[in-house]
Amino acid sequence: MSAFAQTQTNETFVLNLGPQHPATHGVLRVKLVMDGEYIVDAEPVLGYIHRMHEKMGENRTWAQFMPNTGRMDYLHALAYNHGYVSVVERAAGIEVPERAEYLRVITTELNRISSHLLWFGAFVLDLGGFSPLLYAFDDREQILDLLESVTGSRLTYCYFRFGGVYNDIDENFAAGARAFIKRLRERMPMYHALVTKNIILMKRLQEIGPISEEMCRKYGATGPVARGSGINFDVRKHEPYSIYPELRFDVPVYTEGDSMARYMVRMDEIEQSMRIVEQALDKLPEGPVMAAKAPKIIKPAKGDYYHAVETARGSFGVRVVSDGSNTPYRLKLRSPTFSNLSLFGEACRGMLLPDALALMGSLDLVIPEIDR
Amino acid sequence: MKLNAIKQALAVIAPEALAEAEHAKKGALLDVTVSATQVVEAVSVLDKEGFFIEAITGVDWLGEKENAHKDAVAAAKKKAQDAGKAAAKKVADAGGDEEAQKAAQKEAEAGVAIPAAPVEPFSEEMEVVYDFNNFAEFCRVVLRTRVPRSNPEVPTISHIYPGANWHERETHDFFGIKFVGHPYLAPLLLPEDADFHPLKKDFHV
Amino acid sequence: MGTQNIQPPIVQFAQLDKLLALGRANSLWPMTFGLACCAIEMMATGASRFDLARFGAEVFRPSPRQCDVMIVAGTISKKMAPAVETLYDQMPEPKWVIAMGNCAISGGPFLFEGQYGIVEGAEKLFPVDVFIPGCPPRPEALIEGILELEEKVTGSRRFPRVEVG
Amino acid sequence: MSLHPEVIRLLIFLVGIIAFAALNAAYLVWLERKEAGHIQRRIGPKEVGPFGLLQPLADGIKLMTKQLIVPAGVDPILFKIAPILVMVPAIMSFVTIPYGENLVARNIDIGLLMIFAFASVNVLGLLLGAWGSRNKYAVISAARVVSQNVAYEIPMLITVVTLVMITGTMNLHEIVMQQQGGFWNWNILNLAASPLMPVAFLIFFVCMLAETNRAPFDMAEAESELIAGAFTEYPGMGFGVFFMGEYANIVIGASVATILFLGGWQCPFGLFPGVHWFLLKMYFLIFTVIWIRWTYPRTTFYSLLNLSWKILIPISFFNLILTSAMIKVF
Amino acid sequence: MNILVLNNSLDTYLVVGALLFGFGCYGMVQRQSFIGMLIAAELILAGASVNFMAFNRFLAPNPTVGQIFTLFIMAIAAAEAAIALSIIVAVYRNYRSIDTEDVVELNG
Amino acid sequence: MIDYLKEIISGTWSLFVGLGITIKYFFQPVVTVQYPRQTLPMTPRFRGHIELVRDEETGGTKCVVCGMCQKACPSGCITVEGEKKEGGKGKVLSEYTLDFTKCSLCGLCVESCNFGAITFSKDYNLAGLRKEAYVFDLKKRLEEKK
Amino acid sequence: MEPSLFTVEGLAGLLFLGLLGVTLAGAVIATCSTNLIRAVAGLALCFLGVAGLYYYLNSPFVALMQILIYVGAICVTIIFAVMLAESSELKRLRQRNGLIGPLGILASGILSWALAGMALKTEWYKSACQANDGSLARLGEALLTTYSMSFELISVVLFVAIVGSLVLARAGRSKA
């Protein structure tokens, strides 16, 4: 925290963080007005990886937009797939077989673990620790192998379809997923001993970058950012979709609001996601993975539909406006990090540069998802 | 219940445009249409009830009225045709000759009014959509307002919700909708010198 | 002395050049330069399982002054293009560029008629030496790209080729 | 006209020292990359020469043949002079380090002081280079370097003064000779002089990490914050020289720690003392330095200062007072 | 006189000391900023120290006096530098300038 | 005072614990797959670029030039052309071009094909000096594979 | 006594000339450079040269202290102050206008000429012989016996200076 208030007479200078800077996880630019190492004002400048998803949505058929969702947030692509197929299914009134929903949840939660693991590694890398990143990648590779054996890709999945999923799992998947969960359960204490309880990391995160509950509300922050500030908000519980009501899991909430709280929320979420995957694997019903009646060409009725899902970064919502044709009339993607980042400018005022970067890391930014 | 409280409060502002939506079908619980001047008032109500802002976006309804007019014309024409045919048939059934049939048909067709082409161009509209949600309990409220496409201006709500700042800038980027009173309405996602609004329906490179 | 019989120079520069090329090829320091999805695969390539370090290419330098190869991993937007060009100009010679992923090659999936936001391939900005197609390419492909670049620098390939059945 | 043997001896040592410093710098980079690799369960450099042993050579060739850019806007003189100011004092410090009983370029009575004197010039080099780059990141980094070095010189010097009080000399050779015998005679276990000696060693080690800008105190070149800190604008060999100077400083720090606390070239069991023991201990310390780097996150600036002012300085002061009391009493 | 034995003559050191002193004086007069003047002051002190050391080596019967004096000068110089620099920083904060002429309010 | 000492000791202990973990991994075997010398097995569902499937009966392609894949592709990377079959109904494939540099590997084309004429290849390590090399003539590739 | 270049004495003499050059060049840069940071760098150079001179005067201890204190501490502090005071732009140092420049050169030239001349003209009374070269032990002994009072006083002065500068430098910032 800033120990000294800035005097008005001190000279300030502008520091341009990015658009190519190791701490911004991609191409974000932050204009910082600095007084020495203290940040007087910060203004994120977006749009360096604006990829026109919403425009593309209006130019493609409903099905053809699927690959884009995976490229918005490539770390948790399946949740974005899920959000999009859900809203289209809602609009077109397509029923999804139960097994397909289970597969969706299993793969999404595995993907969430991989996303959190990567965030964990990248966050510690921001703080200057190298090895945890590689350990996290080691675990993450196991998930990627599992998901690749189902979906065929490693990162930018395009696995869900309107009315189900593209492919059923193979016979090794369940055993592989269980083995992975066992392995990760054994690794989690190591992560906590190496990183969480490390005095250096604790000093860097505790009481750094506090975000209040009110600030979350005013800026619309969701996901682990809100949950780290004591807000019990998880779309999976709040606005249940898919088969989440049938599964038992907790929503980790920390009230401190500092970077450490956000860190702990994500670490606890890994455990909860493992629980979800295990339960879903236990309950996995037999049956088709694709709705038999799913139309080949989707033409939802005229109207305006919204669906939100909980991604690794928060509440992702898709609003589609259909004019009854085979292309969306308007496709709005509500990305969680867009809102989460918007509070950065206010939150980091008066902080030191390294603390502000710790705060930025704790927001878990995926820039293409912000810029869309 | 938040929903009831908010319904009562919003009913004061926009009594006629309050529609309860079915969540399973639409994804929202309440769909409110207000005029541009009522936006700030409505948002203040939501703020007081502890709602958080999810998103702001726009929809360009270019061609909506023209299409509606065309549809109306087509429908009227069809109706006239049907009526004419029916009248002709009636006459034929009554044993009337061809001429009588034609006359009856014409008369009947003339009886159906076909909407006239407007003298001025259609006053097309754009829509601004605000999504609000509540942390405490599920209650998604959609707030809509329509503005004329020729002069799209909406008062800003960024003083109530600072998070709206970016959403409004983004909407301005994409649709050119001006948020009156916004502190810094510069392009957010588009290049800093961009003067185009790509999500407008008449946008071409 | 006829024009046919050119004596070889006393100092064999060719040998020296070969040595220099060998040195350069085996010490390709990339820039920490992730743009989008492919950057994650670039990180994965540096991670334990694929380990770019084996070829001496794991020294990701954040400052362009100390880099030899720029791995353009992701979509270049029109807003970003000037920054990318500046970074390229800031790199000291000799320098190379690897276009990783379809976006960096041609704009990839984001290329459509009427697009207003992206640059259609890194080649529009500066010369590109190695292309790695895929969306995103697997880490093996990036390693293959680095080896391909080594081959381009030295003129011969030291490593076995992996044939895919 | 013939050269005096002393001159020849000095020249040989000078060449030897430079070669030692350069070789160490090159192969410590290799060690660092290999060690990092294995800590992270990967191989590290492997394909360039056996076990990747030619990797430093390749890097050296590449760095040397890199285009020399003097970026626009920098102060060309300061920009060029800074790497030299980092490298030369480091080499000067090697002069007085005794590697073996007779393996010392120049045994000076105040060798310890000499090392610290030249080590302090190092900061100046970094500072001038960073300022000369006229890059904002570099300037922030320079500010960090100075406060860090100033803050850590205090506990380090207090610890060293404690040690000098115990040994009664600043001659490195003599300090080692006093630790003859087994490891129980080393200063680190010299509990009779002060029960806090192991703690003093830890303090010295931590200060050494901070003085050489090594992780977790590497805020001067914090990659995720300041690009490459003071070196941001340095291309090619300018960067290479900085790099070498940095590793040379690590070698010096480890050597001094070895001499002061770990008995220099003395064998732990009193047998066969020799240069191999010195190198063994020194490289173990360097190994630890690298090991630490790949384990911890980076500290922040103020927790670093807190550590220095609130923990290290009080403890080392306490140790100083305790030691003087012990000396007076016993 | 062989220039290679200059290091054994007292005169060399005295001349160097005088030159440093002269440079220092010139700097004091000519420099406009506080820091520049501080640098010049350090030069003057260095000139004095060189003299002390030279006399100590060549003339003084007790070879420690001059050294101790020089050490004291160093300590004083360090103290002076610290104080002067903090004054400079404070002045800069208040007047946003390190030029001597800009700080006219000090003239009273 | 006690808290102060406690924090120092517990903090130092946490640092040593960290060192213990990393040194443990230092001595554990590496997990690296040394790519050009060793390779990972590709899963059967791996999605490389698409390829034409050989019809075991005729030895040719199964493609009937319906153009569904071309229509399904979001990025427009597939160009299919056919010639009228001599004396019969339907078309014969004359050219099947895939511009892999635009592909997003979504798999919509393979799904849309009702004849099982295209599939994913297992080419996972493409890299080269020319980008034109990635505009594949799939028909030619199929013939070359014989 | 004519030492040739390739003896220890000769090389030492050569090195000494180099040090003289470094000292004077550093002094010139320190006074005349228009760039403040370069001036400090020149000062550091000058101090390094002076440290070398001390070494030739048989006082390695003082020489090293010179490096440690002047180069390592004072120069660094000055650079730091420069950075604090003009972090935003490279400030060119204006030369004083009018006659001050030439007059300053003249005055200081005369001053140093007079001093040097005096030094050269004077017949210094050579001490018979020195007991030993001021070794470290004797220095320490003298500091803690004969000059112990001054030593303590100097410590007090330093302490006061540190506290004073802390107070001055912190005056601008107030606790949040």
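We just call them A, B, C, D, E, F and G in the order they show up, numbering each chain from 1.
Please note the rule applied: contacts are C-beta pairs under 8 Å (C-beta built on N, C-alpha and C of every residue); 3 or more make two chains touch, one makes a residue touch a chain.
Model, not experiment: these values are computed from the prediction.
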{"item": "Mutual neighbours - chains that touch chain B and chain C alike", "value": "A"}
{"item": "Minimum number of chain-to-chain contact steps, chain F to chain G", "value": "2"}
{"item": "Two chains sharing the most contacts, counting C-beta pairs only", "value": "E-G"}
{"item": "Inter-centroid spacing, chain F versus chain A (mean Cα positions, whole Å)", "value": "25"}
{"item": "Mean-CA-position distance for chain G and chain C (Å)", "value": "52"}
{"item": "Chain A and chain B: spacing of chain centres that average the CA atoms, whole Å", "value": "32"}
{"item": "Whole-Å gap separating chain C and chain D, where each centre is the average of the chain's CA atoms", "value": "36"}
{"item": "Shared-contact residues (touching 2 or more other chains) in chain G", "value": "61, 65, 73, 80, 87, 172"}
{"item": "Numbers and ranges of chain F residues touching at least 2 other chains", "value": "15, 18, 21-22, 25, 30-32, 34, 74, 104-105"}
{"item": "Junction residues of chain C, two or more chains touched", "value": "32, 47-49, 51, 54, 62, 79, 109, 112, 114-117, 135, 138, 159"}
{"item": "Partner chain A, residues of chain D touching it in the complex", "value": "36, 39-42, 136-137, 140, 143-144, 215-216, 218-219, 222-225, 227, 293-303"}
{"item": "Chain D to chain C touching residues, read off their complex", "value": "33, 37, 40-48, 52, 54-55, 57-63, 65-69, 71, 223, 227-228, 231-236, 239"}
{"item": "Interface residues, chain C side, partner chain A - complex", "value": "32-37, 39-41, 43-44, 47-49, 62, 74-75, 77, 79-80, 83-84, 87, 109-110, 112-118, 135-136, 138"}
{"item": "Residue numbers on chain A that touch chain D, as the complex places them", "value": "3, 13, 15, 21-23, 36-37, 124-131, 134-135, 138, 194-195, 198, 200-201, 203-204, 352-355, 357"}
{"item": "Residues of chain G touching chain E in the complex", "value": "1-3, 5, 9-10, 12-14, 16-17, 20, 23-24, 27-28, 30-31, 36, 39-40, 43, 46-47, 50, 53-54, 56-59, 61-62, 65-66, 69-70, 73-74, 77-78, 80-82, 84-86, 93-96, 100-101, 103-105, 107-109, 111-113, 115-116, 119-120, 124-128, 130-134, 138-139, 141-143, 147, 150, 154, 157-158, 160-162, 164-166, 168-169, 171-172"}
